[in-house]
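Order of writing sets the labels: A, B, C and D. Residues in every chain begin at 1.
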Amino acid sequence: MSKTFDVRKLLADNLVVVIFLVITAFAVPVSGLSAQFIIQELLTRIGRNAFLVFSLLLPIMAGMGINFGMVLGAMAGEIGLIVAVDWGILGVNGLALAALVGMPVAVILGWLAGEVLNRAKGREMVTGYILGFFMDGVYQLIVLYMMGSIIPIRSPAITLSRGYGIRNTLGLDSVRQSLDTLLAVRIGPYVLPMATYIVIAFLCLFILWFRRTKLGQDMRAIGQDQGVSHSAGIAVERTRIIAIVISTVLAMIGQIIFLQNMGNMATYNAHKQTGFFAAAALLVGGASVSKATIPNVFVGVVLLHLMYIVMPRAGAQLFGQAQIGEFFRDALSYAAIAMALVIYAWRKRANAEKARAGLRGGQAAGGAK
Amino acid sequence: MSNESPLLSFEGITKDFYGTVVLKDVSFTLGRGRILGLVGENGAGKTTLMSVLFGMPVISETGGFSGTVKLDGQAVSFRSPFDALDAGIGMVHQEFSLIPGFTTTENIVLNRESLKAGPAVEVFGERLSVLDRPKMRARAEAAIGRLGVKLDPEMLVSEMPVGHKQFTEIAREINRDNVRLLVLDEPTAVLTESEAEVLLSALRNLAAQGISIIFISHRLHEVLSICDRIVTLRDGRVVKDTDAKGVTVADVASWMVGRDVDDSGRKFDARKLPGAALEVENLWVDMPGETVRDVSFSVREGEIFGIGGLAGQGKLGIPNGIMGLYPAGGTVRLHGKTVTLDAPRAALDAGMAFVSEDRRGVGLLLDESLDWNIAFTAMQVKGEYLKTYLGGLVRLRDEKAMRALTEEYVKLLDIKCTGPKQKAKELSGGNQQKICLAKAFALKPTVLFVSEPTRGIDVGAKALVLDNLRHYNRDFGTTIVMVSSELEELRSICDRIAIVDEGRIAGILPPSAPISDFGLLMAGQKVPEEVQP
Amino acid sequence: MSKLDPKKARRWAIRAALGLLYVVLAVALFVTGRGHTILVDNKADPAGAFPALKAAVVSVDRQKPMEFYPGDRDKFIVKGQRHVLRVKPLAPGAQEKVVEFRVPLKEDMTLVSISKLMAGVEPWYEPFTAPTAQERAAERAAADLENPVETFGSFSP
Amino acid sequence: MNRLKQAVIDFGWPRIIIFLFVVALFIGAPFVNVRVDSSFTDVFNRFGQNAVLVLALVPMVQAGCGLNFGLPVGIIAGLLGSTLAMEFGLVGWAGFLGAIGLAIPFAAAFGFAYGVLLNKVKGEEMTIAMYVGFSIVTFFAILWLLLPYSSPNMVWGYAGRGLRTTITLEGYWGRILNDFLAVRIGENFQFPTGMILFVILLTVLTGIFFRSKTGTAMTAVGSNPDFARAGGVSADRMRLTSVVLSTVIGAVGILVYQQSFGFIQIYNAPLFMAFPAVAALLIGGASVNKASMLNVIVGTFLFQSILTMTPSVINSVLQTDMSEVIRILISNGMILYALTRKTKVTK
């Protein structure tokens, strides 16, 4: 049966994308920002955020929904950066070392998160969210109390005046924008952080390759039907944990890329919003809780951040207060996630109903024999 | 047919679940490349026998089995279905175990994909090798070829017609290189006539290639047309093991259902009952696994009307549909007043009550006390057992009245419990069933539907439950519609028995009718002289 | 030790090698990436052994040169251990002095005194540990004790 | 003996550990010269402040909708009620009761829409509830700026439009419940009788509701929806009623919280208010689909005493302010513990 190009179905599928397109299309001219400024901002933001959003792809493929527990990966990345800055390692070496230090931490945290999520089947997303809060407490315990007292910290510049615990904001000037400026290319008025783009390109290749491996195939199978996968002999629990571990490690690297672009790190708050931003971006890009592709990531990052750039100015022009633009931006991002979740759950029920209707006896199917 | 040692042989297989014997000294053999039909009523032991063959955990957990299973002459005992698969024994279930979003090829080679090793394998192990899709497609096409059917290897299972799904699953089982035996459990249940025909010819192809097949089905005409030998099981014993040639459907039906006990001496009091309590016309019910296609019957006032038939034919769908628990259509009239379907409340308000077959799932609130369970429906539907305050604005549970009601039924139905406040989950199966009965009786219904009332309870409790039903019918005149897969039980209590096959009533018989007639109706055949309702 | 079949043995060997590579890479990153702060100081010796340079242009490795006047102190951030220091006094006809020096891995900061260097006094560079907040306060208190009058007198703005 | 053992297993080890921790805090307090009487005042104040918000969760848990992470929907209705009451210049008891009166219709309307949405969506209800709550709070942040409030006490000084982030209730109905029949012993122990009575009244009313016909039906829907359906109860209607009830009690809860706190907090303040309430309910012994009045009282008391006692006692014992970390670990640890238990309904 040929795929008839049904515009209505296309719109229904990507309702969230369409709404965002309409709003940003309306807000861009109102904000009065120059196209050149917006495009430059978008280029840097794609480099800064894309990697983080990619870390959500695998758990979705494995049927675990949006991994709000990726916050654990972000924490691992921050711990790596703290060590790199403390040892005074400059430039890209510092970033690489932060990743090497953060890797084991991310693997352990990811494995732990996988075990917890396996015990909360059917409500992985909310459990991941609460796990993020819980581990935030553990993170504060380690970074605010153990670092400097139990864990040796060399440079006093980053420790609190009381002698232990890391400062609230950590200057990353030793590694600031080192990845972005590594191979920065100037095309016309725009500066493109090519090194970051190359790293992101590598990640895309990794994901494309991973989907074609046996482990990737197992994850797709589990994502659709755990019972059938189990009876076929696939190790369901173990594969789900591997999906979460990989997602956490990617989030760790993503956070390092994000923070090196920002130039400084809010030690105790930087990771709080990563889960929310990545999820909002992915869902705005048209992904659903059970299906997410690479284009969804890019479309999502562009659309969401276009709104984040433009909305405050639009609010200022329209209502005379930039704050309204910011509130509207936040409200819209939360609404995007809520809408995407509702549409996904509602459609899952509708499909189940439709499938059942097909089997109806009596007048409907005329009945065999 | 070469007659070297048989591929598979069961010798003296005996199995009991907590004392009730399910398989008694079952022995038969199956030669290479031969098709064996395994028939019998549900509960005759077919599924248990297959679980023994496949080493399902349920067998070892309940004390294992005695006797030996021999494969190619050597005794084998598999600890899990995966061992059986490795030994070349595949099973195709009735409900499909396929991944909807995968293509035919991906499903056929599920978890046995052909792989190309890469550098990552050395570090992280086998699962990081890349899938060799062309090789997978070739293997799938080979398996489909062996089946002799046309299947598009790249089509998604979710977009496949039902017949193709069945073939995909069979192709997956025979895709293993050392497959020697294939077990099919009710494969044609969901197929149309033409699809079933294609399946049967495919199975003949496989047999010709040396694969032995155990074909479990209740469609006796299919069994006769394809099998070389037929083994009939009844109450866990092999009652007949014959060659298929010259056997008719009627023979098999009577072997399946026939009791040795000679019941010519039994007295069936045929009661003359005027008037119609319940009339059902062209009822269809969409209940998963129990689809009712087109059923019409009427129940006389004060009668005990029985509904029998094999599992999955739709007999359970009838009461669930009428009581509005599943989407249904058609017309149902109670004492002349039509009852709206798809609305549980309407059925209850009309004076009908239902004791569900799913005791733990639907029948009980396991975490609540007994008085809650019994009084709940009466409270919600009739507003009984409530104390009203402030002129009816606030209606609170009348704990005292609920306790009195419970104690009344505990005495009446002899329910063994520590008191009205005991949690339902702490009672035995039999007592739980009595609680469900009490819940329905508390509604004082004019028509009572009872579904599988004696399933999974001990013999003593069975007799008590049936006596209570008879008592309520004879003394209070409650019309009862009883659905059960125990034919003997229906014959002992019902005035008339309807047999349901494939979502339709195949026929209605008096309890005194010969056993083979019942067998024929169950197998979907017409009975010579039908008794019109 | 159960006889490991060759494939498993090879795989474990590879994993061990990769683990080692991981550590080696970390160390390599550490060494090559290690940043140090070079404090260049142009103070005269309080005991009068050597004067401060009137004016000079100083640069480390290929970084931007800086001008120094008596009493100045400034810092260069450098990567790695071996560095080249160029000092060119602005006096007419003065000779540019180029020296090489090594900073030990462990040191965060190294104090280089160009006045000692030009005067040929050794050692012209030594490790410098930044005084923590408490130490700095203690230092100032000690200074106050030595000349109490002067502190009262100076009304800093 | 095994009845006790069974009770221990049901109650769960983490809850027992927390209970012992609180007892230790109370015993330890005098040794580290922490004034016990002022601590008790704080505990009772905070107990009264939060108990109604925790009570608001019970209807939805009983009806099987899970933990109501969308509590902010009710809180927003409460904020609307109190800001409107202040706009109309209602003072004292008229102010407090007026605020409740104004809040209830909003709460019922929001609750109805929110309930209809939740009924359409089965599975991951809790995540959806959470994000619906976040969206409404951030959306209303815009409305607080735009709605034509004029009372000087509430509006930004210079702009003359849009509400301040915190609005004092002084002169309106600040601490109206706390000071009602307040019992004062010694100079720093004050028992907020009015508020505690109000909380007890609401708890008893909710308890009575769950003994009513609809309440019984709601509990049945929570523990076995099929049983309820077979008993002639419409599961969706019961779930909808539970959501509306939960939202209304939530609105009243925030009003009680505000009058005791003394300020109305708007904009992003209610964003994360659902989590401490859920943690308190779970510490009290509730599970994801069963919660009783006792769970509310015990849970709120335990949780709030942890929040009040840890800063003072722990700080003087360990000389560091670990109380924030402890609060995060305990409250989120409890929610995780509940979420990872297999649902207790025996199948």
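Brief remarks follow.
By our rule, a residue touches a chain if its C-beta (ideal position, glycine included) is under 8 Å from a C-beta of that chain, and two chains touch if they have at least 3 such contacts.
From a predicted model like this one, the values you see are computed outputs, not experimental measurements.
Geometrically, the chain at the heart of the complex, using CA-atom means, is A.
Per-chain CA centroids place subunit B at a distance of 48 Å from subunit D. Subunit A and subunit C have CA centres that are 41 Å apart. Taking each chain's centre as the average of its CA atoms, subunit B and subunit C sit 84 Å apart. Arrangement of the chains shown, judged by which pairs touch: an irregular graph that fits none of the line, ring, star or complete shapes. Taken in their complex, subunit C has these residues touching subunit B: 10-11, 14-15, 18. In the complex of the two chains, the subunit A residues touching subunit D come out as 65, 116, 119-120, 122-123, 125-127, 129-131, 133-134, 136-138, 140-141, 144-145, 289, 319, 321, 323-324, 327-328, 330-331, 334-335, 337-338, 341-342, 345-346, 348-349. Remark: subunit A residues 209, 212-215, 217-218, 220-221, 224-225, 227-229, 231-234, 356-357, 359-364, 367-369 touch subunit B in the complex. Of all residues in subunit D, those touching subunit B in their complex are 208, 211-213, 216-217, 219-220, 223-224, 226-227, 229-234, 290, 344-347.
Against subunit A, in their complex, subunit C makes its touches with residues 22, 25-26, 29-30, 32-36, 77, 79, 108, 130, 132-133.
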